[in-house]
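Okay, so subunit A shows up in both of these, paired with subunit B first and subunit C after.
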Partner chain A sequence: MVALFFLLPAIITGLLSLTDMNYTFNWNFIGFENFREIFYEDPIAKTTLINTIIYVFFTLLFFNFGLGLLLAITTTHMEEKAGRFFRLIWMLPRLTPSVVYALLWLWILDPTEAGILNSILKHFGLPTYNWINMFPKTVVIIANGFIGASFGMVIFTASILSLPRDMIVAARVDGASELKVITKIILPNIKWHLLFVSAYQMLSLLTSYEYILLITDGGPFYKSEVWALYTYHTAFGDWEFGYAAALSVILSIAGFIAALLYLRTVNIRALLKKPKIEGI
Partner chain B sequence: MRKGVIGLALIACLTLAGITIAGTAFAKEVKLTIWAIGPDNPSFWRAKAFNVAIERLNKLLKATGSDTKVVGNVSFETVSWGDYRTRALLAFKSGKGPDIYTTGHEDIGMLADAGYIIPLDKYVEKYKWCFDSFFPSLWNSVRLKGKIYGIPQDTEARMIYIRKDILKKMGWSEEKIRKFIEDGWKGEVTLEDILKIGAEAKKKGLVKWGFYHRPTPGVDYFQIYLAYGGRMWNPDTGKLVLNEKAALKTLRFFYDAVNTYKITPSGMTSVSWKSIHKAVVNGDVLFWLGGSWNWAEWQRDYNASEDYLFENIAFIPVPPGRKGDKPVTISHPVVYMVSSTCKNPDLAVALIGMALAPDLNAKHAVTSGHLAISYEQLSLPEYKKAKFLSMVTPLLKFTHFAPNHPKFNTYNKEGWYKAIQMVEVNGAKPEEALSFLKSILKRKLKGALTIEP
Partner chain C sequence: MNELEIKKIRKRIFWWNFVKYGFMIIISAPIILFYGWLFMGAFEGKSGFTLHNWRFLWEETVLKGLPNIWAITLNTLILAGGVALLTILVATLGGYALSRLEFKGRGPLLGFTLALHAFPSITLLVAIFYILRTMGLLNTLGGVILVKVALELPFATWVMKGFYDSIPWDIEISAIVDGASRFQTWFKVMLPLAKPGIGALSIFSFLSGWSEFVFVYTFILSKKAWTLSTYLKGVIGEFRFVDYGLLTAVSIFYMIPTLIFFLFAQKHLLKITMGGVKGT
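What follows is the complex of A and B.
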């Protein structure tokens, strides 16, 4: 199964990246020409690389990790029913079909006065804007982040709720402030979950483009074009399948290296080691 | 009378075809899959005509004594051209493509190059009774290396729509407006005039914007390039052409519209179609670089009566860059093609011929705002009654076609569209955008491009 669904597609993509396959679907091998072009001649590749770094970093920092953690902490610090209710609300974007979710954003940010945001501004006598055109990167970061935050929220919530309550209660009895409880007890105890979510979400953001495609389509003028979307556009807009395969090989290698670095930084071996108590 | 002659001619041809079909396939039912696209809703006759044509063809087949019956699987898409093309390419490659495929004529280069469609010369000759009344110039749009790869289904013209009521509010007399429109048709109005009048209307607070153009990639932009003396390809070499001088003027036009005169929003390429049409119909914009099909769209989807449109909106061909030069329009015939996997191309072309019968095509033209493809169609009462279409037809004397080049989509979408976005969105100078355009086209098109100074 692994060979069929993971290894074989990877080998095919690797081989495809060495061809100039286009709409004719012919396997014409050209060596590493596609890679040479990407590294030395393609200015759009450079732009999309920078966009990707900005997009992944800020979405991860502020939403998938940051907002996810904030939501988990706040909703576990309130009454259980209320916490559940707020978590459910934050799950709604993830439960909404992608196209509907994107259309909602397009409606909210419509540049005319029919757009929700602009109609509110107009109501208060404020100037209206073409939001997508002016802030395309911010728009895709927020739109993706509102969905991505729920993943971290669920994992972090589960991990916080699984912590022994007596530890937290004891700290409070000893006079620890809520901030101390969070920084000295909760965060150190959910370190593994924090690292897992940031690593997993980073890799997932690297390859995600669905909402960007639907909301800005990478525009205007490549301002929100990320590497994965550029790959998609090259394959299914220009029908340059060989070149697109080379772009995706580079993305896969980058993801692989990032994952290795992550595992090394977080010292995965130590984390996966049997708890010392079990060895006694 | 003419219908009867065509019918008899088809019976004769189909008798022979029917023998071939029966003899080779031993099948009584011949299944033909037909894909058609709008994408605008009013163009549904591109598909519906086949349902009627299949009925008619089956009656004829029965009359010839053939036991062959055509069964059609007709679909009509309203997805974007890009999605439709991608789906078709993958279907063709996997051998599951349609027998008859409807698309813009400019895809001929790519589809023929990949071997997905077949030349139709011998079939067109065989069923010439169906096609001999077609306007000869339309066949130029479907030829590649001397061969016919598609059959024109319709054509249209592009123009600059003008809100007459806004001009009146600007203090223009009826006479001045009439003269302006007349001059527009003579090439006495220039692109610079459009920018200046648009700016005046905006300055007076009569419109939100002076000039709108389409938001998505399309052939419309090339009208400005042609108006400044550019050409898209060289028919002698078969290569795509970038004329630097004309390209620079074109990019400057879009730059000025957004940055100098401020009559086009910098985010024009992200404004939705719906907002654009609403703005034109409501008189929020003075000039709209649109197409003849918009007329039907506005009536059908934007609640504008034809009387209201005639009262408030007029049109002229796209003005030249220099006074006195010929105005411009680009026609983009949608064509029917027969795929290389079609087992009965003979019957497929006969069916196309019947779907393009003047009465059916006139219905398409009238409901969708497209133009007649044959002289015979012009004489039909239904078409004659359509005042707007008869007003638009003279635009065809200024017409140009996009080249049937395999790389035209790249030339258009990755090059020109992005360069225009660059001056509009980024506020890049026209010179910078030209430099980008040159470098991207050189890299993407390699030997398929000629750059003219």
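What follows is the complex of A and C.
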């Protein structure tokens, strides 16, 4: 089954990318025409590429990495119960079915006065806005970031808690400030986890499109369209399977590089043992 | 230490607490508010508490043009249950083989499964669509179940392998010394010991099937085979801007299994959710 839904699709994608197959499902090989078109003639591909870079970079920096780390450090410096409570809250978006989560954002940012944000603004006599149309990229980054932050949070929390306690206590006894403890002891000791999360999440973000599809659908005018979503639209909106396959081949190559990166950051042996730790 | 110094330290601790709790409360407030609104929206009418928004459960006419909610719920149950059952079946066997049996190509297979986990599903979507179409499985829940299980298996197998890894070899060896066959050992000794793992994994694959959106949205076009995720998407399409009370009620109805799980499994939650297939 794994062969049927991984290996075969991979081969078919490769072959499809050399055809101009559309909804008629005819195999008509046209060589590297699709790739030529993507690189030289497709203005949407160019917009999409820039959007993808912006999206991945900022979501990763501010949320999946930045906020994830902040959450992990703060919640591990609290009383255990409080820390766990906050971590649980941050798990909520990840567990919520994607359609419900998207609905929440649609509701809050609704351009009419039924929208939560706008109704609050109106209550205070402030002007209302069509948020999603005005800031599509920001919306997409924040909405994805709220989900993404919990991944880093969980991994960083586990790694911080696994640091030997006496190391930190010793530093405190020696008079180190809390900030010093964090920057001089905690961060250097979890640097491999930091690298792992960055690379792993880069791959995830690169290929994620579900929430964007649901919240902005790439709009308005491709302003929030990312590469993965463009692939999806080309295939299941325009029914241009050949072209979509070519797009996804390019994405796979980018993804492959990211995967190599993250496999580098963790030595394979450690990862082989990983499930044991996360087990229960 | 003189009194002044103690005072100074006390003050520092106070501010440090103030900063970290304040930060967590402010940063977590949006999430708490979001979900608060979601619940209030579902039960709030013009004059206080109401069940009016929930009438879609017993009045078919409320959501005209959409299939019966209970039929859709049954579809979702079949999908989620099917995914959970198949995943467990294959993963318990595969995980055992990877953990305990020495066979040719074990190493490469391990690496391969890991690499699969890194492989993004969007890049395979086009080809999977083609395969399902060729096999005549488009528009069927069975097709979606197969794809979903295939994509979930690498991770599930790894988790199961981790559970088996944590069972001491001695137990297994003593069973074999007592005259049990390898299969009997697996079935009678190992499986019961791996029960917590099987439990956790089945819940996760069930929830992941329950929340699945993209595959259903892409591979199922006939409304009859919809699941709650595409159903809710349909409701959003028709009632956005108009009736958020209804929308939130449908959302909450859809989220029931997720919420139950969230309330009962808090302790284990943070440890096992990291590996899911979700994009971000």
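Going forward, the second predicted complex is superposed on the first by the 250 of 280 C-alpha atoms of A that agree within 3 Å, B and C clash if a C-alpha of one lies under 4 Å from a C-alpha of the other, contacts with A are read in each partner's own complex, and residues count from 1 in each chain.
Criterion: a contact is a pair of C-beta atoms (placed from the backbone, for glycine too) under 8 Å apart; a residue touches a chain by one contact, two chains touch by 3 or more.
In this text the structure is predicted, and so the values were computed from the model without any measurement.
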Between subunit B (first) and subunit C (second), which does A:162 come into contact with in this model arrangement: first, second, both, or neither? neither
Report for A:114: first if it touches subunit B alone, second if subunit C alone, otherwise both or neither. both
For A:43, decide between first (touching subunit B), second (touching subunit C), both and neither. first
First (subunit B), second (subunit C), both or neither: which does A:183 touch? neither
Given the touch rule stated above, what does A:220 touch, subunit B (first), subunit C (second), both, or neither? first
Please indicate which partner A:28 is in contact with in the superposed arrangement: first for subunit B, second for subunit C, both, or neither. neither
With the two structures laid over each other on chain A, which partner does A:251 touch: subunit B (first), subunit C (second), both, or neither? second
According to the stated criteria, A:9 is in contact with first (subunit B), second (subunit C), both, or neither; which is it? second
Once the two complexes are aligned on chain A, which partner has more residues of subunit A within touching range, subunit B or subunit C? C
Look at A:151 in the shared chain and tell me whether it touches subunit B only, subunit C only, both, or neither; answer first, second, both or neither. second
Do subunit B and subunit C touch any of the same residues on subunit A, and if so, which? 25, 106, 110, 112, 114, 236
Which residues of subunit A touch subunit B in their complex? 23-25, 37, 41-44, 106, 110-112, 114, 130, 132-134, 216, 219-223, 236-239
Can you name the residues of subunit C that touch subunit A in the complex? 16, 20-21, 23-24, 27-28, 30-32, 34-35, 37-38, 41, 90, 110-111, 114-116, 118-131, 133, 146-147, 149-151, 153-154, 158-159, 161-163, 165-166, 196-197, 200, 207, 210-211, 213-214, 218, 228-230, 232-233, 236, 240-242, 244, 247-248, 251, 254-255, 258, 261-262, 266, 268-276, 278-280
Of all residues in subunit A, those that touch subunit C in their complex: 1-2, 4-6, 8-13, 16, 25, 59, 64, 67, 70-71, 74-75, 77-78, 82, 84, 86-100, 103-104, 106-108, 110, 112, 114, 116, 144, 146-148, 151, 154-155, 157-158, 178, 201, 203-211, 213-214, 228, 231-232, 235-236, 241, 244-245, 248-249, 251-252, 255, 259, 262-263, 268, 271-276, 278-280
Residues of subunit B that touch subunit A when the two form their complex: 82, 86, 89, 93, 110, 113-115, 265-267, 269-272, 275, 278-279, 406, 409-410, 413-414, 418, 421-422, 424-426, 439-440, 443-444
